[in-house]
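Next up: the structures, one after another.
The following pair of complexes shares a single chain, subunit A, combined with subunit B in the former and subunit C in the latter.
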Partner chain A sequence: MKRSMLLIGLTLLGLAQAQKTVSLVHSGAITGPTSDVGGPYAAAIEDYCKYANEQKLIPGYTLNCIVRDDQYQNPNAQRILEEALDRAKPAVYLGYATGAMLALKSLIQEVKLPAIPASAHIGLIDPPDNTYIFLPTSSYSEQVVALLEHIAREKKGAKVALVVHPSAFGRAPVEDARKAAAQLGLSIVDVQENGGSLDNTALLRNLEQKGAEYIVHQNVAGPVANILKDAKRLGLDKKIKQLGAIYTGGNDLIRLAGDAAEGYLWASSYYTLEEDTPGMRLHRELAAKNNRGTLGQSHNYTAGLLAAAIAVEAMKRAAQRFGRIDNVTFYDALVGMNGPNAFNPGFVVKTANSPEIDFTKSEQTGGEGLRVLEVKGGKFVPITQPFTSALFRKVHYGK
Partner chain B sequence: MSDFFQFLISGIAVGSIYALAALGFVLIYKSSRVINFAHGQLIAIGAFVAYALVAWLKLPIALALLTAVLATGLLGFVVERVFLKRLVGQPIISVIMVTIGLASVLDGLMYLTPFGSGNFSYPAFLPQEPLRLAGITVSYPQLLAVGFTALFLLLFGWFFQRSTLGISMRAVADDQMAAMSVGVSVEKVFALAWAVAGVTAASAGMVVGTVSGLNQDSLIAIGLAVFPAVILGGLDSIPGAVVGGITIGVLQNLAAGYLNRFVPGGGTELVIPFVVLLVVLWFKPHGLFGTEEIERV
Partner chain C sequence: MRNPWAQTGNYRTSYEQDTTIFATYREIVSVGVLLVALVLLPQFLERSQVLTLNFILIYAIAVLGLNITTGYAGLISVGQAAFMGVGAYTVALAAPYLPFYLTIPLGAAVAAVFGAIVGIPSLRVKHLYLALATLAFQEIFVWSVGRMPALAQGASIPVEMRNFLGYEIGFRNHNHFWYYVILFTLVLMVIAWRNLLRGKYGRALVAVRDNDRAADAMGMDPGRTKLMAFALGALYAGVAGGLLAYFQRSVVIEEFTLAKSVGFLAMAIVGGLGTVVGSLLGPAFIEYLRLLMERFSEWIKGNQVIQQVIPPGVDVASALLPLSFGLVIVLFLMFEPRGLYNWWRLVRSYFRTWPFKY
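Right, the complex of A and B next:
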């Protein structure tokens, strides 16, 4: 009798102390188009989840990471999210593609599920249905406007061409770029879409004939590398300077373009792999521990770590403040991540006036700082201090 | 005018890559009347095997390329023996579905390797400075594409015209029953066709890798992007694959050069191959050099 009482007691005690489970769902392009970004991004989310459980970053909770491959297909992303909503009741959705996120915007609003996408399309945090979406870093539009500001500082009245990915992701910054160029006295001579051609002779010759002095890319690294190589082959590398937003740069670009990458300018919010910050030390540690090879040398791995780190931090704060973690408490914790409660994991550059990551109900961009980096001697080297675009808010929000 | 010649030369280089990829389709169709939807996967596997041999085993690039070509040829042979041999005599749609399934399986298996996601590139083994002549520039990777295509065209020309095995393959393509009745091993011909298709696929993959780097998705996409070239040349014609590939490459470059100026956003080079495809299917469904089958009703 005593023995069975003891057993029941121990069982009850065990149940009382049992870890609760909280779910996070990520759907991204682990295979298919843009998987060179989606692969390292998803790997980083998996690795950070493992790390969070090992380090018990969310006291009392075990993190259940559901990482799925949507192959860059909107219907797959929708199915994965709906299935996760039915079965796992996630506290947060770490989305990926611009197209899928735009398609899921109203569903996210309807189910009040906080979402942190890899896409930095400004339309995701613009009304309507924008309450629950948060960008970890500055938008594509802000990055491209910042690059145009850099060009305007370098050459007044310069002629600029935009070469963008043939998708909602690529087209995201075009409208704001046109408005910003007009304000900066730059002329946009052409906007061309390029999803990765084996030869870019015609594209480059046309842009040369239109007098382009700069090409600003909104794309992934592969197509940009091909254009850089072709520009060098045609002797246009000295004549036309090339720059690009976040997914165009990083080690992938240098690996693919080789010498042709020299001089390429890149707008990025992230620290480089070599920099000594807590976040980048963790990046190196997790990539090595999980044998990530080249995936772990990508800034897209840093981006995935940041998204997961923001999610885990908000979960931790929700548990501490409200005693439970769900989509409602997660949202409250996330929008309270500001002022003295801002989050500084060390993945993203800070400006003199803003912390690394902060959110409010109305400010849905986390890291607002970015730098321009240049390829010098086979490495991206920062050539500016962290800054935010002076013009972006004016052209996009009219203020 | 120099722009025109530059577009033309660049188009021939790109078209040669299409031609290489198209040869694999044609070889399999020519012998077995099967369209292989896993051809893009063979292209990617060949390219990544060569990369793995260079990056991991530190083999000299030429040896790595040769080994990868042979390994992909062997893979093509094994695929035919394991998956397709059992389907001889079955409806063509079953065989096509098997190649679609095979594409998915190979995709999944490739993802399990370190090459599933990400961008890679071969160590530079060709001169970096392009050739310049009369204002026209050609890179060495582009010349490699043209060279490989010419080499394969010559080899296949000889093989199908002069060798016993090649003549057997043509006999099987013409009439399987008649070929069997004169002692030709249809099974052997099918397996050989898949092996040679693997060889051409690997060659195309390595050329694409040299020109624009290695990315699983982009390499696989080449496999299907060459359909218009194959249809234009004729599904069962080897010279047709080469003519079709080069024609499509040149038309794409000329469209990009002359039409994109007037089309906001450009992209006409992506549409042109399919316009050609439609026109060919309307007016000459067997392609420029394909066999026109006449049935007595």
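Right, the complex of A and C next:
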């Protein structure tokens, strides 16, 4: 009898240990504004979590993914996060919207919860309350500055217009862009805000009148596609060259703009769907397995996979190194992801000087490499080798 | 002999009786019980549940203001969120220098001034034309904030309050602390709202709404009354905005957009235009509907049988959220235009005439 009780006890103990759960929480715009980005992003996180559990990427732990739709509304994002903190005690928060993330900075700082947002707003990793926020790839500001550098190499003294989303997300790079343009000898002839006009004739004619030779977009793919189509309709597609930051391009833009996207330049850290890397092979596999259709064709799906992969990798390292996974050990594992311990999942490019993903307490941008890609024959094709912006840190931090 | 506990058999035979807020002791007791319940409620809830309550109460204050402007004065306004924003940004700018019990009234006052200014078109235009004027202000507000570096161009401005009279406020008690502040403020605003409508200004609002020419003939000034309606409505919104700024620890422009203004109108309609109870029921209904649909969406996502029926790649669960919001508005407009308040009125009528059926 005693032996039986002991056996039962050991079995229960074993089951308890085998059933340890670690949680991550994501809230994003699955519906509502910017859901063209948020939809594939959330789908990718869900798919990667299933993959992680199936492959037992975190030995001894079951990953509980809390994926919620906040409809791009800050109160919803706040409530979802606080619910998770009360009930699931997540190790990490995969945030989404710029406005919500900016509003939640102080809460994240107070509860010491690591956050890996989809938003790449530079303000998220600028003081104050920035200790626990980590951007998977370069910031919007750095991307725009990199595009300006590319323009300056192509044509000295060019006239450039900025067209940005009418939000903190869109406006973030404007100040840095102005400073960079001054350094590069470019002229910023206008800054326009566009959240999705269906007819951009007035916008384009205005920019034409001001002599704009380039348009740099900081937006999502939908508005940019409309502008490209209108530029083609007006015959301005040969006269004004258009470029954009991460959320403007990818297969979403090609699908929406069609042949009007030809010649569009895109600053991106992500590999394209056609490239053969471990990460992109996994992307194609998971998208097909989960019937993601057009969602799985998007680079935003890649972005979601990357965020989830970083989170899972940090959890795994926390378990190995500290024997438990919580927000404290997750943070320590994440900031230890550098040097020979950098993370190379195969989703984003790496430069000659830096690995794919690396974080420290002071360096809170994971993937620093960027490429410029151009639409040729209906596909984005890299036209530069991976690089980092030479000017961004100077214009933003003054050093 | 008047029955002090029930209205059955009591006739209102004086002006004071006709305008009294509490006609019987039972009404006083019922309100007292409600307040006690509201005070004790957070002790039984999680932080995130208190968070939802806080949003409901803040929105209730904003909708109270909308019920002055739209419900009682009959002036359509789709700029309530902008007035909230004026209050919130005023608080954000003043918070480093003044305590919250001064910044919030300051924000309310500034919002009231903006409300009076925005109300000027009401002197000449009515109905949908006036709605367009308030819509214009809503868009001008968002546009302006987006271009003002002093307001971070719509990005986050932190609003922190770490302690109050030595009481430390942090994550663990932040929601609860602000619940009581917001509840106290809401009670004050309801008392003010209710008493406003008992006085001559409140009656002037109703008269101007019903027939401004007749009101003018009777000696009321329709223009000044309308401006007052806008100012008071904006004042309430300013209070709500100030509370929201502190509660969310920051001010971002996304909280004060046209979609929010439309949401407040929806809350007012669902709750019942021109009523205190509706101002409380509307926000509660909308917010808990959102929560309910979110839970329902999660259930659908997790149900394998349903997932097998839905075509691959179609996210039915997530689409339910926006669908339900629009559907509820339409259903209320079709079948219960007087809102949830009418259901409350029916329930209350039963007890008012008790023990008789009518």
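The rule is short, and it goes like this: the second predicted complex is superposed on the first by the 384 of 399 C-alpha atoms of A that agree within 3 Å, B and C clash if a C-alpha of one lies under 4 Å from a C-alpha of the other, contacts with A are read in each partner's own complex, and residues count from 1 in each chain.
One rule holds in what follows: a contact is a pair of C-beta atoms (placed from the backbone, for glycine too) under 8 Å apart; a residue touches a chain by one contact, two chains touch by 3 or more.
Source: prediction; values computed, not measured.
In the three-chain model built by superposing on subunit A, subunit B clashes with subunit C.
Contacts of A:Lys376 after superposition: neither subunit B nor subunit C is touched. By the document's definition of touching, of the two partners only subunit B reaches A:Asp199; subunit C does not. Once chain A of one complex is fitted onto chain A of the other, the partner contacts of A:Arg233 are limited to subunit B, with no touch recorded for subunit C. Of the two partner chains, neither subunit B nor subunit C is touched by A:Arg393. Looking at the shared chain after the overlay, A:Thr31 reaches both subunit B and subunit C.
Of the two partner chains, subunit B and subunit C are each touched by A:Thr294. Of the two partner chains placed around the shared chain by superposition, subunit B is the only one that A:Gly222 touches, whereas subunit C remains out of contact. Using the contact criterion defined above for the overlaid structures, shared-chain residue A:Pro166 touches subunit B and also reaches subunit C. When the two complexes are overlaid on their common chain A, residue A:Leu102 makes contact with subunit C while staying clear of subunit B. Clashing C-alpha atoms between subunit C and subunit B appear in just one of the listed stretches 97-105, 241-249 or 313-321, and that stretch is 313-321. Across the two superposed structures, the residue set of subunit A contacted by subunit B and also by subunit C is 30-32, 39, 166, 193, 293-295. Taken in their complex, subunit A has these residues touching subunit B: 30-33, 35-36, 38-40, 43, 166, 191-199, 201-203, 205-206, 221-222, 225-226, 229, 233-235, 252, 255-256, 258-259, 293-295, 298.
Within the complex formed with subunit C, the subunit A residues making contact are 30-32, 39, 68-69, 71-76, 78-79, 82-83, 85-87, 97-100, 102-103, 105-107, 110-111, 121, 123, 128-129, 166-168, 171-172, 193, 291-295.
Across the complex, subunit C meets subunit A through its residues 46-48, 51-52, 55, 142-143, 146, 152-156, 158, 160, 170-171, 175, 248-250, 252-255, 290, 294, 297-298, 312-313, 315, 318-319, 321-322.
Residues of subunit B that touch subunit A in their complex: 3, 6-7, 10-11, 13-14, 17, 107, 111, 114, 116-121, 124, 128, 130, 137, 139, 142, 208, 211-213, 215-218, 253-254, 256-257, 260-261, 264-267, 269-270.
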